Amino acid sequence: MNTAAQPRSTGTVPTTLVQHYRQVRAVTADLCRTLSPEDMTVQSMPDVSPSKWHLAHTTWFFERFLITEHLPGYRVFHPQFDYLFNSYYNTVGRMHPRPQRGLLSRPGVADILAYRQHVDNAMPVLLERATSDPDLAFLITLGLNHEQQHQELLLTDIKHVLSVNPLRPAWRELPSPAAGHAPELKYIPRAGGLMEIGHNGEGFAFDNESPRHRVFLEAHAITNRPVTNGEFLDFIRAGGYRIPELWLSDGWSMVQQRGWDRPLYWNPELDAEFALDGMRELDAAAPVTHVSYYEADAFARWAGARLPTEAEWETLASEQSMQGNFMEQGHYHPIAASAASSGAYQLYGDVWEWTMSAYTSYPGFKPLVGSLGEYNGKFMSSQMVLRGGSCVTPQSHIRSTYRNFFPPDARWQFSGLRLARDA
Amino acid sequence: MNTAAQPRSTGTVPTTLVQHYRQVRAVTADLCRTLSPEDMTVQSMPDVSPSKWHLAHTTWFFERFLITEHLPGYRVFHPQFDYLFNSYYNTVGRMHPRPQRGLLSRPGVADILAYRQHVDNAMPVLLERATSDPDLAFLITLGLNHEQQHQELLLTDIKHVLSVNPLRPAWRELPSPAAGHAPELKYIPRAGGLMEIGHNGEGFAFDNESPRHRVFLEAHAITNRPVTNGEFLDFIRAGGYRIPELWLSDGWSMVQQRGWDRPLYWNPELDAEFALDGMRELDAAAPVTHVSYYEADAFARWAGARLPTEAEWETLASEQSMQGNFMEQGHYHPIAASAASSGAYQLYGDVWEWTMSAYTSYPGFKPLVGSLGEYNGKFMSSQMVLRGGSCVTPQSHIRSTYRNFFPPDARWQFSGLRLARDA
Amino acid sequence: MNTAAQPRSTGTVPTTLVQHYRQVRAVTADLCRTLSPEDMTVQSMPDVSPSKWHLAHTTWFFERFLITEHLPGYRVFHPQFDYLFNSYYNTVGRMHPRPQRGLLSRPGVADILAYRQHVDNAMPVLLERATSDPDLAFLITLGLNHEQQHQELLLTDIKHVLSVNPLRPAWRELPSPAAGHAPELKYIPRAGGLMEIGHNGEGFAFDNESPRHRVFLEAHAITNRPVTNGEFLDFIRAGGYRIPELWLSDGWSMVQQRGWDRPLYWNPELDAEFALDGMRELDAAAPVTHVSYYEADAFARWAGARLPTEAEWETLASEQSMQGNFMEQGHYHPIAASAASSGAYQLYGDVWEWTMSAYTSYPGFKPLVGSLGEYNGKFMSSQMVLRGGSCVTPQSHIRSTYRNFFPPDARWQFSGLRLARDA
Amino acid sequence: MNTAAQPRSTGTVPTTLVQHYRQVRAVTADLCRTLSPEDMTVQSMPDVSPSKWHLAHTTWFFERFLITEHLPGYRVFHPQFDYLFNSYYNTVGRMHPRPQRGLLSRPGVADILAYRQHVDNAMPVLLERATSDPDLAFLITLGLNHEQQHQELLLTDIKHVLSVNPLRPAWRELPSPAAGHAPELKYIPRAGGLMEIGHNGEGFAFDNESPRHRVFLEAHAITNRPVTNGEFLDFIRAGGYRIPELWLSDGWSMVQQRGWDRPLYWNPELDAEFALDGMRELDAAAPVTHVSYYEADAFARWAGARLPTEAEWETLASEQSMQGNFMEQGHYHPIAASAASSGAYQLYGDVWEWTMSAYTSYPGFKPLVGSLGEYNGKFMSSQMVLRGGSCVTPQSHIRSTYRNFFPPDARWQFSGLRLARDA
């Protein structure tokens, strides 16, 4: 892979990179601290990967795209791991089918931890070399951002694994947040005009956030906080899941085929939800989460509103300080605004916010060259953009230009919504 | 259904409306002239509807949304036709499942022709009244545009029905076009800036074309004609269907799951294709057609280009005169530019052109009120916009602002592509 | 195909064979008299074939296995009919996939009638030659029995086609049978011992009925008539479809997956059923029909009984005169014993009776040589034997040794049941 | 559950029952000795259960059908285990869906071992009481036979789990058998006549083996040993998997749908197979195994033979001493006759032998009363009988009357075949 032609800056001074590497790698392992080997083996649906697969794949990313390319003489830990732990890089070679990740009992957790150690042992020389090699520094930073993405996925995946078990086991005991009171819902008027969005090149960003470019926005309004559980309960009680004209056609098909009548993880009585510490009482003031794009869109229509575009979201968010209920806060669950965030808007953290923007390329988009060009660009069809990070996103991973994307029927991420309307 | 609040103009003077009604209705029936009752009964895949269903459904549209609403004392032709011939209007009531339309032998073709006559007999009084009732005139015009859409679908559907028959029967004998020579492929440079797209309210348009609004475009270039069969052959011979990095992730899955290795309807030898008059020799100079969005996108990437956005397409097309190889020309198949079109660009007619724009609402979009609000708006997810009409689109049905939309894996429409690139 | 080594007798004197040929062929055509081309095109599920396919396939059987083998110089009607109308003879060549028979609008009904005429025109010389060629006479007789089987299938298939239509159209107007009174249900004691079953070689029989052989039967009892609609209603009302311990494991899966709660064609109110003349009132005294093996078995368990074995059935039936409610009676529906049959037992006609015997080969079984060996033998797995013929079986087609077979979940045949128990 | 009315003898003197209990329970645990928690969690297809599920389910069988029924005051280990570890007893209550057993990471292996201990602790008082309570002794013996069945399934299931892993891990290191020479294949002539088969009531047997009853057999012949790998290779090389006329219709569909071209676990080069110790060289003299009924039947037809009926098999086997290559021999794989068995026929052990008999009830069959009546009887449709036990069957579990049964497409059991023919 030749990335030399790719001008960019990593935004990370070399000494920090070593520390960053150690810190990110340690966090990933720590997330598995309370999991048994059995927990770490199960794949509860094709979208979910076993925890031990996440541990191995993030390690493979460093081995494959950094070490074997830049460290002559390195011996790979196992010749078949290229097949087993390649996720979707067709240019690297064939890969184990994604829906069958849960069929692999070997390598076991202990073997995979040894694999992590093997790779960590090889990294110091590259981390040192990166102090004077910005391309290498970029690749390492990319690998760390990649691992942070998988920290979030590891948590959303293990949540799903535990949720399908009738015993409803907890991932970990968690603090009980104080009962919150959501701020009154208000629409913030926003002027239209020619705006700029996208990444400006300072610090790390994924290729899909660039280039920074102009967009014309009409005047509009956007709410001061996400929709809460209490508001979503009103939608349910008003028959929202039974009124076809509230739904996109594909969404209505999902409602009928899958029997959706409430967010994923809510109990049928609508008073509790499965969280990473097991079933807990539903907090009416906390942002609703684990809803699909279809549900977010239907709620908005019911509320006489719409979802914001990603440009509307980003121009607002770029004016806010980036704080919120992230992974580091230790809640691992959205919480009511008063407790969660000193910011006025909860734009960052808590829940990813569905936008009405389909995930597509910005004008002038250039994917990374080589295999890493498969990272983001090839998913630009039939997915919607989400913004702002969630309660399981590492804080150092997020920014106002960050574009997350999922298919409109996905519900197992911490996905919620904020309302907007035309002026 | 109350559409009174909906300001609009029909762009059709009353006397013309009567003539238009008669003409459109006659064309639909004429398209079936060479079909047997057996032909008109078959549904070859869920996306396809039987010809006789098209004849009935277009009639039901007038009966249900015009006559029963506006003609007191009218007796419906059959009490169960509301169930059988409702396509997707949930607010009207339950409907026969779409994939089972081909299981209905009754009503037969003769019964459905009687149904058409019954409804045609009721229309004159409403056509007369429409001369002084613009809401009524709008509804009639909408019904006629709806029927024109189904004329196109009737042709693409019967083409598919006949194509799955090993006997490869013809719909009709067609004229053999003279061998063409495609104009040399050139990129036309286009300046960027703040532009306007969308319908300006003069004459009929669908709700999804409005409102007219500003968009900011970067400078770009767009080709002077669609991609030809000959160019697509080059892509195939260069291994285009076997190189995963050319494809979107979902597209590559389709290639593998469905074994795609050429456009729908091409023979394995790549020298002939199924047309509405049976198998015919492939014309290298004619626009390639019956390709999915995924194939169009992969071709563009292979060619070092991309697909245009719908705004790029529309700003160009709005400068052209609207002529081309439409249904009325009687080719019922794309033909090479020299023969097909006096226009320089073949933007209109021949093939619908995939754009890279996901089908979504324009800022300020308002669906029609009532049941007819289900016409367009509820499909705004997971579909891509196509522009320009095709060789089976009635000429009076198309305009520069017209937005067609299909899922990215659809291939049975006359869909092709034009290339663009960043400046 | 060489059948010379196969000793058998046809039981048909030559002059009769000509008459038989004409009569059987005429009956098939007559069954379609009231059907439209549209009716004859539809395939409502993979098990069902379109009526026009039956007309063509039975003709192809004569063309392929008789005429092209025994009439030098014959020109086949159409070179692709071998592909289109071969049902399942792999040794003949590839064939059009069964589930796609309903996708073929061509050849149309008129073309297929011309095909029938073409083949009928070629037959007289072979019918004449058969007077002195017993092998040829056997093949013709086989072809006629084959066509009789398809007469029954044509009726059960068109019944299904019409039943899935919400309009519930009739195949034909039928006489209303007088209200019947089923005879009191009694168990007939039957002594055990060493018995003989199977065909004795006199007259035509299928290969799967031979050889005649000894079986040892325990003493048992068998009821004097089939189970009635009224008795089956009692089973339903007693919760029969909701009590898992009454059901075979696979049967209970079917009940749950398919939502079975009554025989196919009964209305939800349990007071009417779809018949070949449309919906008609349920006759409590008539034999229940359109039940699967699983339902028959569950009913028997609920009744403290079991189904008879095919040997128990045949030893009883061989003592009875072969009369009953067959196709020729013109009811095309099971009727109550008093009206249906002068025989005491209704063993023949009305409904095929599920036995508890899996369809397998008799000791010493030899399939026909050549392609016709595929006729029966290759279906000897996962199917159950049914006995006695039905209200749509031609009388001349049936005998006490006749073995019909269907998978245990099949319901669209006229299948019912009779009870038995150990002594 | 009341089994009092069920006359039977256990064939086990009380002191032996305690020892038997301890021995059987210890063997089950020992089979898992080399497995990791990850191995014991995976379910590689719906037919397979995770090892830890087998450990729990066999324990639940004792808890549910013995202890909670007969030991007042017993506290169940966990209130939800009735739901999690009920296999298919509908009369006991609802159960966790079989295809989702591999989604449960909890209870983990350690918890399940504690569950086993909890139940083992409760058993001594019942084992003591069984010395004077034959009904209780029968239930315990049934529970032990049940656990032995699951010992075999645990091995065939973990073999499948390991086989789908590209690393091809071993369950355990195993001894390499000496190269064998299969005895020359001979047909043993067998006289026909009125015979008796079925269990005579001495010692334990499952309900489906009774009652002993008469059957009439024609004279026939049966081979002196099972078909070997070498002979099956000949079949493959002769094109056996590509000749449709060798196959049952359903079998041919399987060949095409699933791409079968060799026994399960053979490598594509046809010279090695996956065994419980990983890939090993194919021994041409050893019995072929992991073939479906369809493959066994096709091989027999190719060889000019057929499969034996279960009565033919049993009357022969009842004359032989019951020794063979069972689980206790420690091969865990079929081996060539000279090494495997001092018996002349290899009827017992090595491979289960497909018979041509569909699994159905014997005349006079009575299932166990109560919930245990669901053990065998409800599977009497669409399955075929296999006889003789395999290399992973405990020797004390098998007898000449033993009836195993699987659907005709099952291949993951140690299933092979022996040939027969009509005299």
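Labels A, B, C and D are assigned to the chains in the order they are written; within every chain, residues are numbered from 1.
Everything below uses one rule, namely that a residue touches a chain if its C-beta (ideal position, glycine included) is under 8 Å from a C-beta of that chain, and two chains touch if they have at least 3 such contacts.
Worth saying up front: this structure is predicted, and the values here are computed from it rather than measured.
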{"item": "For chain D, the least number of touch steps when starting out from chain B", "value": "2"}
{"item": "Those chains which touch chain D and also touch chain A", "value": "none"}
{"item": "Distance between the centres, which are taken as Cα means, of chain C and chain B, whole angstrom", "value": "47"}
{"item": "Chain A and chain C: spacing of chain centres that average the CA atoms, whole Å", "value": "60"}
{"item": "Geometric centre distance via CA averages, chain B-chain A, whole Å", "value": "37"}
{"item": "Two or more partner chains touched - positions in chain C", "value": "none"}
{"item": "Category of the chain touch graph - line, ring, star, complete, other", "value": "ring"}
{"item": "Complex contact set, residues of chain C against chain B", "value": "36-42, 44, 52, 80, 83-84, 96, 100, 102-109, 161-162, 164-167, 169"}
{"item": "Footprint of chain D on chain C - complex, ascending", "value": "88, 90-91, 194, 213-218, 220, 244-245, 247-252, 293-294, 297, 306, 356-358, 360-361, 363-364, 373-374, 378-382, 384, 407-408, 422"}
